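Each of the two complexes below includes chain A, the first together with chain B, the second together with chain C.
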Partner chain A sequence: MASAILGLMIFAAVFGPTLVPDAGRITLRDRLIEPVGFGGTWKHPLGTDGLGRDILAGIVAGARVSLAVGFGAAIVAALIGVPLGLIAGYRGGRIDRAIGWLVDFQLAFPALLTVLMIAAYVQAGIVPLILTIGVVSWILFARFARAFALSARESDYVAAAQLAGSSTFKILRRHLLPNMLSPFLLLMLLQVSGAVLGEAGLSFLGLGITRPETSWGLMIADGREFLRTAWWVVVLPGAALSITILALHEISRTSGGAIGILESEA
Partner chain B sequence: MALDGVSLRLEAGKCLAVVGESGSGKSTLARAIVGLTKPDSGQIRYRSEDLGSASAKRRRDLRRHIQMVFQDPYGSINRRLTVRSVVAEPLENYYPNWSSTELDARVADLLSKVRMPTDAVTRKASALSGGQLQRVGIARALALDPQLIVADEPVSALDASVQASILNLLSELKVQYAMSFLFITHDLAVAQHVADEIAVIYKGKIVERGEARSVVRNPQDPYTQRLINAIPGFRSRPSRPIPGD
Partner chain C sequence: MLQVFVKRTFRGLVLAFVAVNLVFFVVHVIGDPVGRSLPLDATPEQYAARAESLGFDRPLWEQYTDYVGDVARLDFGDSISTQAPAMGSVLTRFPRTFLLVGVGMGLTALIGIPTGVILATTKRRWVDRLGNSLTLTALSVPQFWLGILLILVFSLKLGWFPTSGIGGWKHVVLPSIALAIGPLGKTIQITQVTLRDELQKPYIRTARAKGLSEGRVLYHALRNAGVAVATVFSHETILALAGYTVLVETVFAWPGIGSLIAEAISNLDIPLTSAVVVAVLLVVVVANSLVDIMYRRLDPRIARGLK
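Coming up: the complex of A and B.
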């Protein structure tokens, strides 16, 4: 079920704009049309917003932005956090303390402030959002990779690689990285959901995606003024967001068991 | 576990068994000799060269002559890799210029030395049995033509039926390639089977050392006597109380 929902969202993100074009077309004559079943017609199955833009088209177009930012930011965070965490845990000592200091710094420095500072200098858009959210969320990956490396460096397979004369880089890449893959993928899904929420939050605040592009957070922000009169403008993009987050968490939760089984068979 | 004043000398081409119960410090000794643990004090000398004070480069050159066979083949081999990558890893590091054909040939050669079928190269380590994995572990230890192999309880994690074949393989390799062996075990019977000399270690100290047969036939230390009496069907003489026990 959760995979089906996520699959549908990814499908919408990839093919949506060709299936449901004109996401941003403003038709003032068609303002605030209700969804089907609440007085609306099939011309706009999920109704329209305050500027007559089709909600379904908006949700489909928003899926592309949300998932691109979600996966992109999680990948950026992993690319920063995993190598730093692995080196910190494996080498220990001074390197570990230096990276630990970076982690503390990142923790103490409010993420929103970082985002605001970046937003002040860079034109908002998908790529800056990916980089920003990625940069502020690498800590979790770093901690996880460090904990893994700390225990793995005591293991015999790492001792054997040291005796074989392998360099630190080779040991990290060949022995540690593949062995942390499955818990890493679960963490990745959680980070994706965090980044999707982050994007929605930033776009809601006007720091993320801006028109004419659209995203779920932006649609929710635009619908605020109609909350009492036209609930669908806020609720439907909000539901898309919630369902996606729930699906990501559910997959992460259930595949924990599945990957465990795969591991024990391997 | 702390080692205290242990002094051991191993002649080239000989097999010395270090026998002791778990917690006696024998694994610490093994890890110190191969360089995985740094001794707080004392020296590890290889051909009268102190490994602790050698330069990093020199140490790397010397270390390749001292390899290790681990107790647990499941834990000491990365089971996501193929047999080829496991055995080739030391070769890649010390012979970076070798072509992949040269590596393949050497890996096949090593696998035949440990009596593994050559078609095993492409198999995942996770598909092998404990005994096969330990053979792969031995092949990896042999890859750099070491002068000394430290084997830390190399059969104790294996099925009884496989133990003998691995022990025989190690004995044959020792004779065939004139390597020195430091064989760490808790089992005097195993020690007698493979070793020329036996050193008995108890609470971090060496309590007895001598030619394998005479240690087993005529043990001097009360702790050795107790170990021998623990072997089924084997009894030396009535055991005396052990000082400090």
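Coming up: the complex of A and C.
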């Protein structure tokens, strides 16, 4: 079920904008049309917003933005966190302490402030969002990779590789990385859901994606002024956001392991 | 204890120093507050005039020494948008956020911990299933969207609570529920998982074999699960105090520190932004130290350096 929802969202993100085009087209004559079942027609299955933009097209276009930022930011975070964590755990000693200090520091410094400031003073858009959200969320990957490297350091296969004279880099890349793949992917899903929420929140505040591009958070923000008369403008994009997050959580939960990772965190 | 205190204070000072530098770096070096405060079709002359009035035409090191000097004296200057002293706004806004976070986290503890205990001890399948679905939903619904839904149903349709602003206790109800939803999911989850693990351990079998009542057994298990629950709970509280209330405060027009952050940053109000960042950081450092002291009380193993 959860995988089906996520699959549908990915499908919408990849092919949707070709199938349901005109996400940003304003048709004032068609403003605030109800969804099908509440008085609307199939011309706009999920109704339209205050400027006559089609909600379904908006949700589909928003899926592309959300998932691009979600996966993009999680990949950036992993690219920073995993190497740092592996080196810290495998080498230990001074390097471990230095990286531990970085982690402590990032934990104590509210990431939100950095992201908000960069969004306001630098520039908004998909790529800046991926970079800023990614850079502030590397800690979980680093701690996970460190815990993994610490336990793997004592294992027989690493000892064998060391005896065979492999370099540290080769051991980390060839032996540790492939072995941590499946818990890593689960952690990745959790991080994607965090980044999707982050993008929605920033766009809601007007500091993320801006028109003419579309995002779920932006649609919710735009719909607030019609809340009394047109509930669907706010409710439907929020529902798309919620079920996407729900699917990501459910997959990482039922695949097991994820809770184990979080527990070793606590 | 004294050593811990000194270490914490030192770390707090280092953090504050880095934060102040970060604000400078974002605003003066990579940011362009002059350009972003002007209309897109502004002429180069208008740009130069605005840069001069804001002091951005001076050499960078001069801007830096001025800025750090002012911050070191805790003199952040007047807000650009309201003309009022920046630190004054921070001091009037923070207590309101404390109220919201206090009520929200109170709700989280009152509902979350008992629910987690029930889910960890239940033998009925449907209770387990229902509980897990509710937890998952709580973890997935974005706070700001839930806030708008609450306004839609309980303010606009039913008229039970006001839509926004501050005033009596009725104004606190909806925003604190919206704020509590995420922490609630996490609290239920961690209570359920750690308590279930504790109940499998040998000391529980010993306690049952001795003939202790099931209530006493649960009490022992809860005390040991307490550290993990407290970790998650305090982490969520500190996040909320660190400005993560910004979305809920914006939805409910609640004039706390979160909406002040949003206002300061969207108005490119540099004095106000610096004041808010430093103040939030101080609160986070103090809250972290309090949590540290609490751990030492909860778990003597930490105080003796065994963990």
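Everything that follows uses one rule, which is that the second predicted complex is superposed on the first by the 254 of 266 C-alpha atoms of A that agree within 3 Å, B and C clash if a C-alpha of one lies under 4 Å from a C-alpha of the other, contacts with A are read in each partner's own complex, and residues count from 1 in each chain.
Criterion: a residue touches a chain if its C-beta (ideal position, glycine included) is under 8 Å from a C-beta of that chain, and two chains touch if they have at least 3 such contacts.
For clarity, every value in this text was computed on a predicted model and none was experimentally measured.
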Which of chain B and chain C A:238 touches, first, second, both or neither: second
Which of chain B and chain C A:166 touches, first, second, both or neither: first
Which superposed partner A:157 touches (first chain B, second chain C, both, neither): first
Between chain B and chain C, more extensive residue contact with chain A: C
First (chain B), second (chain C), both or neither touched by A:178: first
Partner chain(s) touched by A:30 [first = chain B, second = chain C, both, neither]: neither
Intersection of chain A interface sets (partners chain B, chain C): 266
Complex contact set, residues of chain C against chain A: 11, 15, 18-19, 22-23, 26-27, 30-33, 36, 136-137, 139-142, 144-145, 148-149, 151-152, 156, 190, 193-194, 228, 231-232, 239, 242-244, 246-247, 250, 261-262, 265-266, 268, 273, 277, 280-281, 284-285, 288
Residues on chain B engaged by chain A in the complex (per definition of touch): 31, 34-36, 60, 63-64, 67-68, 70-72, 75-81, 85, 89-90, 93-94, 124, 126, 137, 140, 143-144
Touching residues on chain A, where the partner in the complex is chain C: 104-105, 108-110, 112-114, 116-122, 193, 197, 200-201, 204-207, 220, 224, 227-228, 231, 234-235, 238, 241-243, 245-246, 249-250, 253, 259, 263, 266
Residue ranges of chain A touching chain B (in the complex, touch as defined): 155-157, 159-167, 170, 174-175, 178-179, 266
